[in-house]
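First the structure, which I've put down as structure tokens, then a few questions once you've had a look.
Each chain carries a letter (A, B, C and D) given by its place in the written order, and its residues are counted from 1.
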């Protein structure tokens, strides 16, 4: 396996309760992987570690990017002067947290409870996502220099591409709050993609969608993975969706990995059946 | 007037602009165990919360012993004999076990009698009586949440995913306790994702999909239903 | 039936109002620990409240009126009117009107107009911080004070002139913004508000107590206004040439005000232009996004610290520039101009204008400065009015009445 | 000599701190239960100074002489009046904003404090008001030159503050209302489900906070003899500092924070510079919020994603 993400001995606890305990796994490149398990098993916690919102107590997370390999936890908990970050960024990470840095390395995510910029238009949501990619400073923007105009044009093109991909083009000037629930879910994925990630983490993308919308999502995700250099990690409860689209499944229970394998393997796994899918039905 | 013990008729509700329930009708007879199963996000928790008026039902009726309670303020509903064990337990972490139980029984004149019985039923709570609830383990917290709900001597007990995040062994114990409570004559409405356990316990069951009731029947019927098997019991 | 109900309701509210008003309005404390009773006042007030309540509850007895009122008082998170992209000729007319205006006004009118423009500038500055970035800054007056004192003290100690003072004050105020911003950015919402409040107060206390440098409560003289060697005084004071002598016209105090007004007007116009542009630039979008959801921003790789700092320092900069104009207009400044009340007033402008709306803030600033001038006898109730409006706006239309339409994008190519 | 000065500052500091603590209670309880800073609380305190002086003046006019009766009556009437104000303000300006965005109630609170300030000016004038000293007497420890003084008013302040805090602590820890209050603080939705009328609980919290501010208002005016419509602001920020110092949400913390702030401020004023004592207090607030926002007795928050 040529992994994009490698998690080693990850442990984290909240107020004495262990949420993740010695978690080890790898995510293959350019495939869809799913993280499943009962509610409260630690899936979202793990997500928050991978995307930099929680700092684990111990363990390492390696992201094997296209150009470099980075150790994510180290970036969140740097010394006073980390070589990867530079002085200012290290200081900032120590005092304010530095989860945004992980996005620069190519990790993007969505949230279980959709977090769009509700009072901004659909297009603006997608442009905000490209904030760090837009060239130029305040003045070049104010005076519309050529460099700025060009970079804005690129950003708009990318945004339009994803709008088209997720069939949101007709709504580009609507406020995000005005979209339907399913459209908001898709917009959130489009927004994450606008940051041009290598690893896309989706937290329950199908929650609250009706069967047609779920089927649509399944189709879009498969197309997405096939046509771009993208690895996807998703948390999902809809087993039909998980078994249909993912090539690789990790099962978590009580903060521990109880099984890793292909959908077929997971469906036969006795421990998984006992903990999650139901004892007698296998 | 509906004569049934407890029923929902064409109830709709929404969180802001997001609709969560669509014309949900169901009923629970006295002494029954009824379970509601459904996937994450199907609106199970919203249904229970709608019964308690948060979010408020925008349409339809909720009858409790012949009276429409859909428009009562939340804090009145507890006084009518309905108790809820909410999702995620929601015990008061900074209060002691004793205080948490007292909170449940604050409107009940039988509080001291019931406290004895409940502590008997949950010996672990007796051991930790003076301990802060936040320091309990997940299973103990769940017992506390159930104990707290029972303290008001309800006629109808609503449970929202009590097995959530508990180890299989504890889940087994939990369902034994629920069975025991039911044997003593309590009417139980159980919302579960752990369909397997729930359907075995239940007299009757409903299946909620996207805020709508899709199927209903006895527990055994649904256990054998291929559709249910496929969607909720994990065998493809 | 409902008449009886309404009467009962009104009576209850009336008694409550009477209880509330009785001691404060009915008994006025006087010298020597004595008091004057004027008991008719609380009864009058309570009567008014009672009547209002009666009309209100009686009017509400039908279903339709209830629905109507419900719609009317329903809180809406969106502005009521959304203006389409502005017509350029209207802007041009307004611009020319603004340019001509000072020459039609008396000195008193000029002073008021300048003050109004200063508040417009302050409102626009705070609007960046509160309205766009969603950071509640209750110590905005500190930057205003920093600007004013930079000009006054810079002139006194370093011979800083008016033109020099503007960039220097902007830079120092922005620096203060960053210095304050850095530590407090770890705080969220309410804590940030109270710390900025404390910061504003610290600046005022230092200005009051550091007598050797700032002149303390006695204040400090602002250097005479001097532009390209011209002065606006009757006889030259700072070694320049009085402008009326140079132009060969009679001396008038209006010249100084004309000059200040025009420069200030241009600055305000430039500011409006910049703000409008900013909203469709990455940084402006990032401010708004941060206001909407900080966690989502972080997940998109936006560094919340730099974005917040930029909002803080931009706002502070504008406040500093406003301070320079204030000092130039007053000719003499002391710490009493920079109390918390001033911060609250600027906040009122931003809130009433509808947070985040440039147009609204401009209108609110003008109305709030002119209103007390127009309704002189009413002016003592001004603050009550502001406060009441602030509460009402929050309960009713937290995002204001009017806003410009957002930038429209063309569809997929 | 310095030992005496130090001791004197310590005494003054504790008295001052007791008052800070009383006002901090209002901030800490409201913050605990609603997660908002009741910005108008300091103006409630300001109002209570007026109210108690008015009540006192009327009582003296009616011919009541005994200091004890005067104080108790004034305290009672002023507390209930102020509580009424607190209740009405909560109803009008905060309750409609229960599920509004975070900034809304704060701005509404600023609006209310502007209204209250100008209400005081409009009805009572902007001039400084006085209150007669009707409790005199000082206890001295030490000789004629080097001594530590405690005035009877200071003793009274300490006694009343202590009694109110003990009473309040008892209410919160041991009564049904106190339990409802703590439950609401920890999980409002769940408290509602268990049959607690949380709107009523919140109203009562405002009433209690305001009544405590009234106690502080009377005590301060008795101690200093004069006040004006501006006293709320600085006192408010300092009381809030006390609440943060002790850990916001905690009653004991409020009192502890009040005493710590009062003592350190007095010592700073006595030993370093009295002009900058307010700057010192504000800086303390900033430093605490940055390095230990959860205060001395509070627990840190975990960010929810």
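The working rule: contacts are C-beta pairs under 8 Å (C-beta built on N, C-alpha and C of every residue); 3 or more make two chains touch, one makes a residue touch a chain.
Note that the coordinates shown come from a computational prediction; the quantities given were computed from them, not determined experimentally.
*Asks:* Return the chain pair with more inter-chain C-beta contacts, choosing between A-C and A-B.
*Replies:* Result of the comparison of A-C and A-B: A-C.
*Asks:* Sort the other chains by how far their Cα centres are from that of subunit D and give me the top one.
*Replies:* Ranked by distance of C-alpha centres from subunit D, the top chain is A.
*Asks:* Between subunit B and subunit D, what's the gap in Å when you average each chain's C-alpha atoms?
*Replies:* The answer is 43 Å.
*Asks:* Approximately how many whole Å separate the CA-defined centres of subunit A and subunit B?
*Replies:* Spacing between the chain centres: roughly 33 Å.
*Asks:* Counting only Cα atoms for the centres, state how far subunit A is from subunit D in Å.
*Replies:* 48
*Asks:* Residues touching two or more other chains, restricted to subunit B: which are they?
*Replies:* Not one residue of subunit B touches more than one other chain, so the list is empty.
*Asks:* Two-or-more-chain contact residues of subunit D, please, as numbers and ranges.
*Replies:* Residues 303, 305.
*Asks:* Among the residues of subunit C, which ones contact at least 2 other chains?
*Replies:* 186, 295 - these are the residues of subunit C that touch more than one other chain.
*Asks:* Flag every residue of subunit B that touches subunit A in the complex, lowest number first.
*Replies:* 17-18, 39-41, 134-135, 137-138, 161, 164-165, 167-168, 193-196, 210, 229-231, 233-236
*Asks:* Taking the touch rule as given, give the residues of subunit D at its contact with subunit B in the complex, in rising order.
*Replies:* 176, 179-180, 182-183, 186-187, 189-198
*Asks:* Which of the residues in subunit D end up touching subunit C in this complex?
*Replies:* By the definition above, subunit D touches subunit C via 31, 35-37, 39, 47, 50-51, 53-55, 57-58, 60-61, 81, 84-85, 88, 92-93, 96-97, 100-108, 110-115, 117-125, 129-132, 233-234, 237, 240-241, 244, 275-276, 278-279, 282-283, 285-286, 289-290, 293, 303, 305.
*Asks:* Under the definition above, what is the set of subunit A residues touching subunit C in their complex?
*Replies:* 51-53, 92, 95-97, 99-101, 103-104, 108-109, 111, 115-121, 123-125, 127-129, 131-132, 134, 138, 141-142, 156-157, 160, 163-164, 169-170, 172-173, 191-192, 195
*Asks:* Using the touch definition up top, name the residues of subunit A that touch subunit B in the complex.
*Replies:* Counting only subunit A, the residues touching subunit B are 15-17, 38-41, 177, 181, 204, 207-208, 210-211, 237-240, 243, 254, 267, 273-282.
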